[in-house]
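What follows is chain A paired twice: with chain B in the first complex and chain C in the second.
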Partner chain A sequence: MKGSRLIFWLFLAPVLCWLLLLIVLPHMDLLIMSFRTENGFSESVWTLQNYKNFFTEPIYWLTFVRTALYSIITTGLTLVIGLPVAFYIAKIARHKLQGTLSLLLLLPFWVSELVRIYGWMILLRESGVLNFFMLKLGVIHKPIEMLYNDATMIMGLVYTSMLFMVVPLISVMESLDDSLIEAAYDLGASKLVIWKDIIIPHCKPGITSGCIVVFMLALGNYLTPNLMGGKNSLWFTEQIYNQFIASFNWNQGSAFGFLLLLLSSLIIWVGLKLSRQNLGEVAS
Partner chain B sequence: MKKAIVLAALMLFAVAGTAQAGETLKLLTWKGYAPKALMDKFEKETGIKVEATYSNNEEMIAKLRATRGAGFDLAQPSQDRISSVQEKFKIYQPMDYSKIDSKLFIPSMLEAVKKNTLVAGKSHAVPFCWGTSGLIVNSAKAPGVDSYKALLDTKYKGRVSYRVKRPTLIAMGFALGYDPFALYKDPAAYQAMLDKIESELIKAKPVVKNYWANGDALLESMRSGEVFVAMAWDNGGWKLHTENPAIDFVAPKEGALGWIDTFAIPAKAENLDAAYKWINFIMKPENAGYFTSQEKAPTASQGANKYVDPEVAANFERSFPQAVIDNIKWYPPVPTKLESMEGRTLDRVKASN
Partner chain C sequence: MIRSLPSSKGYTWGFHCFILLYFAFLFAPLLVTCVLAFNNSDFPSLPWYGFSLDWFTSPGPDRVGIFFDEGNLRSIWTSFQTAFFVSILCVVVGTCAAFLFEQEEFPFKNGLYFLMLAPLVIPGVILGISILLGANTAGMFMEDHFGLDLDILRPSFWLVVLGQFSFITTFVCLVVSARLRKFDRSLEEAALNLGANRLEVIWFITLKFLRPAIIGSAAVAFLMSFENFNTTLFLVGSEPTLPINLYLQVRDGSTPVINAVSLLLIVGTSLLALVNLYFTKEKE
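Up next is the complex of A and B:
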């Protein structure tokens, strides 16, 4: 008995070390840092000022509101596009095709996000591929700048996070009994009703976990808003980066980091309440 | 049982610690500052392998600060970002000038950098290369541009690009008739200047196509004709000039902003010997000359000019006649306090509509 427990702990040790050294300790350090500041004599003192700054300086919380809002829009769009894709792969496609289709979804993720974003930039820029062909075909007479605006940025975010929505949806849809849909169809239910009353309620855990992942990814994204976003595309993560790197103000930066964690958790909690679920169900 | 866990953890670290490779020099530098050919030559001469990590001023400081000066043997920050950072975070160690072959340096530059990096009576860097930022102009599309004010000019609506970084603020300060460097000692007056710059930059947002964050991306948009006027470094302008003679670097009449990048040794550098060897190696005229030909940035190496491509040397004669050189505004050491003030201004500029 005692020996098996020792082995259990031995196997667990690397994970615990990893958690403690790379997750818990740095976060404790950041948490402490976020409550400290320098007074006029460059001594470090305890304070709540870093958190107060967030609420008193409009650009900080406006940037957060903007980031959160755009992340919610991104999540919604990803869900709307992801549902039919997942349904097709899980239910309609022939068995052999399913693997290939899933692989096709996965394929773009073999290259780094940076490369994918540059790909979009080459396509969309004023002197880019799309403009070139549209000019050639006479659809337009002057090249249009399609980059550097919010719509493109959201498209980029939807594209980067699509996989993380579709995969949980596929797995949850596979467990849906086909005969339920067939029965509803035979009884004369319309497609809309089938989706509303059968598919979506069944997929709720998958939808929720997909939404949480996509929302978190969009909220924490740095590259896409920075590269594809327009002139006023300050994203909250960029603000954190600026505090740490450009202003050397690690205390303020870590306060922002914790606020991001808190506020995003709050948004997810509200989302779960609204859809009457709890995190335990979703995780299982 | 607890002892067993501790023992296992210790063993894990011991194994990780002993896995060490052959002699290497860990260099924290800018992209292009350690050309492949020179790294190979250095390895052949000394047997030391160079491992370069590419970064910029702000990230260099953050990286070294995170480890309190460990992880790298040699860093290359700009001279104006050393003394205040050193005073506050102690991430560098004083240079041992006896290990450096001072004959390799242009004496006036070596003295200037020593003076500017003085902390607690000790100097912390030697110069490596220098250059300026000013304007890159496509004169076919935007003829006659000679001032930073062009970055605010509605004539070039949607055809302007610059960085949301401190050089832009400094340049705008000069363009609006201030002397930002003279205001360094007076935070209140500096803030007043920043407020004025902020309102001008926000007003001129429709003029901007994008705020560039990556030098290569900027060059690409100049090349394709999407951007006519940009604030950027001289060597970028010269690179474009060889492809398209209409595009060139222009030193604005307010003065190009001059920077000197240096060699500084992080506080916990492990391979000091290799660091000094690399400095003495790269400052040899033939190696420095090769670097200048490649990157189009002049170095502080005495006599490197002989080894520089005539075409690259011609850039200087074209863009930097003596009067322009005399008008270069060299960055003095930055007080850290100003950087957080500037950071806030930059955030507001980027966030505003």
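Up next is the complex of A and C:
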């Protein structure tokens, strides 16, 4: 075809620019920066010191482990809450209601995460709305501070990432043929067996993609741990921020950033291997 | 169990309650934010002192409503501009990428496709610091070798645009690709046989077919840009976007003017989301 080489380059050039200049090169820079440090004469030299700092300072690696663990807990909780919700919308609600419910499900997530977290803050804090009502009703006699603890922070993380679990779950559940469940029911299978042997296996692709996205969002979240977690509930992204903006130690920050990237890639890779999927399938 | 199967009263009732609670959980923070925007009080909390529009229309000096709040208005405008440029860039490059991956064959296609998906699994914070580092390195390079001092490579408006563009393009590409896959290529061949060249075919036929997907993904890109926090945090210069500006206010103590801003955001994004939904519906 005449001119098709030209067209090809017309498509390829912007895509290559985007991927090379904004994805590949910056991340190579991140890796290089993480292996450099300034010596006493303010010259830049190669070093492993940044990574050594991470392993020798308990606060750093403890935060890292904590972040990973809490992200896993968040993912698990989101899945447990998301499964019945998705099942209700896909299989139980009447057809007319289905559309409305999915729309209602989506709406809050178009609103900035900051606004939603702010809403939780005015609900939960000591002078907040929940405390006001509980005092009025006489449930409690002194306001309780419900913000700034780990449980609230995890609740916030579950809240902010809920949608990314429920939507893929709904789409896989809609593709599940009702007659399979009916057949199992007619043959006398209990609810538990139906869930275990029919629904869950069928939903595995949706579960995997939901879990991966939620895990990644929790791991990389900055706002929710920062605003809802207490002084002691450090998140690893906060460590990165501190190194970059507060201490201006970009080399140390890069090492932390690279470690976080490594962790998230590793867990996503394991998740894909365990469910025998690849990234392309999950993305589409 | 499912619609077509009988289930016990208690089970059904329990399920309905669970869903009701879930939606209450989903909307509680938004609802409370909106309601408190109209409270005639200096703090975003109960008790209710009566209805007031002060937080929208009061010109100051005691209470400054959002329509007179220069700092917040400026950040809203900055966010608008950012989102505008981000969605244009994303749509152009994302559509190119969709054509490239759906219609062209070339070596290393799979590798490049994988790279295109990478922004999906890179946490926003990491993307932010990598681009900050990359821009900084590029800036130093430019200064050392060409004596050029480029403002665009320092934390600034355009760096925020580039940072958001780097990952939102992937979403646009996935949405447009999905639509492109449904395109009947015999239409292209027919046009080619009738003497059109490839560029004309793309312009008059393929892009026409893709229009709903392109408009839809532009709306999504706009919203994603408007609410982005994690990546923007590291790239923002002297002009904060709305989420960054709100974050600073929420962290350092807040007045109901934030509720007023949030209410506007909720209404605005819901409208845009509905418009987007309308176009997606039309597409199907």
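Just so it is clear, the second predicted complex is superposed on the first by the 263 of 284 C-alpha atoms of A that agree within 3 Å, B and C clash if a C-alpha of one lies under 4 Å from a C-alpha of the other, contacts with A are read in each partner's own complex, and residues count from 1 in each chain.
In the analysis below, a contact is a pair of C-beta atoms (placed from the backbone, for glycine too) under 8 Å apart; a residue touches a chain by one contact, two chains touch by 3 or more.
All values derive from a computational prediction rather than experimental measurement.
Following the overlay on chain A, a clash is recorded for the pair chain B and chain C.
By the touch criterion defined above, A:88 reaches chain C but does not reach chain B. Using the contact criterion defined above for the overlaid structures, shared-chain residue A:178 touches chain C, although it does not reach chain B. Looking at the shared chain after the overlay, A:227 reaches both chain B and chain C. By the touch criterion defined above, A:10 lies against chain B and chain C together after alignment on the C-alpha atoms of chain A. Legend: residue contacts after superposition of the two complexes on their common chain; A:244 is shown touching both chain B and chain C.
The larger set of touched chain A residues comes from C, when the choice is between chain B and chain C. In the superposition on chain A, contact of A:265 is made with chain C only, not with chain B.
Of the two partner chains placed around the shared chain by superposition, chain C is the only one that A:110 touches, whereas chain B remains out of contact. Contacts of A:127 after superposition: both chain B and chain C are touched. After overlaying the two complexes on the shared chain, residue contacts for A:145 are found with chain B alone; chain C is out of touch.
The contact surfaces that chain B and chain C form on chain A in the two complexes overlap at residues 10, 14, 125, 127, 226-227, 244-245, 250. Contact residues on chain B toward chain A in their complex (touch as defined above): 1, 4-5, 8-9, 12, 58-59, 61-62, 65, 85, 88, 158, 165-166, 205, 208-211, 213, 221, 224-226, 336, 339-340, 342-344, 346-348, 350-353.
Taken together, the chain C residues at the contact with chain A in this complex read 1-5, 15, 18-19, 22-23, 25-33, 36, 43-47, 92-93, 96-97, 99-100, 104, 106, 112-127, 129-135, 137, 162-163, 165-166, 169, 174, 177-178, 192, 197-199, 202, 223, 226-227, 229-230, 233-234, 242-243, 246-247, 250-251, 254, 258-259, 262, 265-266, 269-270, 272-273, 277. Across the interface of their complex, chain B is touched by residues 5-6, 9-10, 13-14, 17, 42, 57, 59, 62-63, 125-127, 145, 147-148, 226-227, 230-234, 238-239, 242-250 of chain A. Across the interface of their complex, chain C is touched by residues 1-4, 7-8, 10-12, 14-15, 18-19, 21-27, 29-30, 33, 81, 84-85, 88, 91-92, 94, 103-108, 110-123, 125, 127-129, 132-133, 159, 162, 178, 181-182, 185, 191, 194, 212, 216, 219-223, 226-227, 237, 240-241, 244-245, 250, 253-254, 257, 260-261, 264-265, 268, 279-280, 283-284 of chain A.
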